[in-house]
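Next up, some structures in structure tokens.
Two complexes are shown next, each including subunit A; its partner changes from subunit B in the first to subunit C in the second.
So, the complex of A and B:
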């Protein structure tokens, strides 16, 4: 296990090995940090699209690292080469490690061959955020979309990933859907 | 005795290269590592065996040269680890163990938020950990 048995002090806290930890992170600490991230980016950009792109880039870095870490910790010696394999890996393992539960559902898009959707009743990152009306369709889930994009890109399945609100009858807050659209080369390899 | 370890990114760009001999044939070792990349590409793109071994991360002995053996390991992000050794009888389990520890050190280095993916690994402690792992490989099974 990474980090077990190491008792020496590290000069730089960034060089400490990652331990499994207590599997719990304070939700309020994360919520404050995430809100600062969104606020900081808001002051730096002029329009919504740019803000979404920045959140996505932030998530991308997380996704790349999460993929390395989880493949080493959880998957042992197997690499994912199949599309469905990597998608179910994201849907269960990645979600479990990041948010403490598996994603609500993974669906295949009906209109296009290469579209998949991961749905969640309420994204953890959006729990304490309400988007003002004048920001239109902006969704802070762009951060999570960035994470998924980071995982897919680094596993060899380039894709365009976006987050959308889908209003559902009978519920006040809309569901969030992460839409994954795979790139051309993945289509050729996996979708014959 | 391991003489050289290397980490190569998914576009075959070198991320980390470390040789453990005092001799001045470091360049030759780098060249051997470079040639082994071709072997890896061949193995990955033309699987000669069926599904069970297709997704294996440990690639095994890539090719033996006159007095070196080259072992390869492929991670899920197409990052390759190459290990060049002069040992004549390397047990499979030893090599796998080595790569497992090396992968752990690599994951820790990459999780550093200041590490830019695709750039060389600049962490000193990664170098120290790799040296420790390499030293314990030579001493046999306890590792």
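So, the complex of A and C:
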């Protein structure tokens, strides 16, 4: 008989192997969970800025763990000590593992030395979300901005990360841009 | 053969989150304090050294009389520091790698606040078992 063996039960999570596991999660399950997350936070706050901050904090926790786990799995325990290194790590590896594809583009800001932008035609987390007019510029991509912030902060490159809608001619839905502005300490070390 | 070894995990903000005397030498109170002091003093050296290389295992970063401090720096800048008598690097590197895996499992816990003390007794048991195996 073709056996479908039961996965070995481990007494404690520390005994379970850190294997790759199942790579994919149901999109609908995630969409439900994310919509509940946003709705729950909406009941707890009075204004948009606070709501964005809460989503960002939720993403921050994810970012920290994603960084540690991915460096262990993908890069065989080598760290990134340079800015471009960590940015391209986020743009390709992190995006690929979380969203199934690399980010659409990674650009350096023209006006300021310390600004970088990751753009995406449509963020996965925003796919099933429509923002009512009275919420103005609110973007649920704040969750993804939080993930990026979590990765950068924990790798040693503190930054302020925000998500913005950028309307594009000829497209109905605006593009989303994650804007990364690095903090003073990083500026002094990397942008001399 | 008695060996001294003091193992400490220090978070990004230089706060120790886990400590264990894993050597097989008989425990003495004042020696334990001295070990912790030596390890904390070595933290300064680690700060500078960490940014020069993208390997995680930083080998021996400091010496004190006959003891050597070896450090392994993870991605989120959590430092695993071991104070030990001079010995070959391979066993120490494997020890660090296995403890790193255990640490990742703890870190992945969404209810674990990064930078807080590791209180799991299971973790403690496993670290000591690894120390007996590799050191």
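Assume the second predicted complex is superposed on the first by the 174 of 192 C-alpha atoms of A that agree within 3 Å, B and C clash if a C-alpha of one lies under 4 Å from a C-alpha of the other, contacts with A are read in each partner's own complex, and residues count from 1 in each chain.
The rule is simple: contacts are C-beta pairs under 8 Å (C-beta built on N, C-alpha and C of every residue); 3 or more make two chains touch, one makes a residue touch a chain.
Model, not experiment: these values are computed from the prediction.
Peer 1: Thinking of the overlay built on chain A, is A:173 touched by subunit B (first), by subunit C (second), by both, or by neither?
Peer 2: neither
Peer 1: Check whether A:65 is in contact with subunit B, with subunit C, with both or with neither, and answer first, second, both or neither.
Peer 2: After superposing on A, A:65 lies in contact with both subunit B and subunit C.
Peer 1: For A:81, select first, second, both or neither according to whether it touches subunit B, subunit C, the two together, or no partner.
Peer 2: A:81 contacts both subunit B and subunit C.
Peer 1: So, A:108: does it touch subunit B (first), subunit C (second), both, or neither?
Peer 2: neither
Peer 1: When the two structures are overlaid on chain A, which partner does A:154 contact: first (subunit B), second (subunit C), both, or neither?
Peer 2: both
Peer 1: I'd like to know which partner A:13 touches here: subunit B for first, subunit C for second, both or neither.
Peer 2: Touch status of A:13: second partner only.
Peer 1: Please write out, lowest number first, the residues of subunit A touched by both subunit B and subunit C across the two complexes.
Peer 2: 12, 14, 18, 61, 64-65, 67-69, 71-72, 77-81, 154-156
Peer 1: Give every residue of subunit A touching subunit C within the complex, in rising order.
Peer 2: Interface residues on subunit A, with respect to subunit C: 12-14, 16, 18, 61, 64-65, 67-69, 71-72, 77-81, 85, 154-156.
Peer 1: Please output the residues of subunit A touching subunit B within their complex, sorted ascending.
Peer 2: Those residues of subunit A that touch subunit B are 2-3, 10, 12, 14-15, 17-18, 61, 64-65, 67-69, 71-72, 75, 77-81, 154-156.
Peer 1: Show which residues of subunit C lie in contact with subunit A when the two form their complex.
Peer 2: Of all residues in subunit C, those touching subunit A are 12, 51-56, 73-77, 97, 100-102, 104-110, 114, 120, 122-123, 126.
Peer 1: Residues of subunit B touching subunit A in their complex?
Peer 2: So the residues of subunit B in touch with subunit A come to 10, 54-58, 74-79, 103-104, 106-108, 110-114, 117, 123-126.
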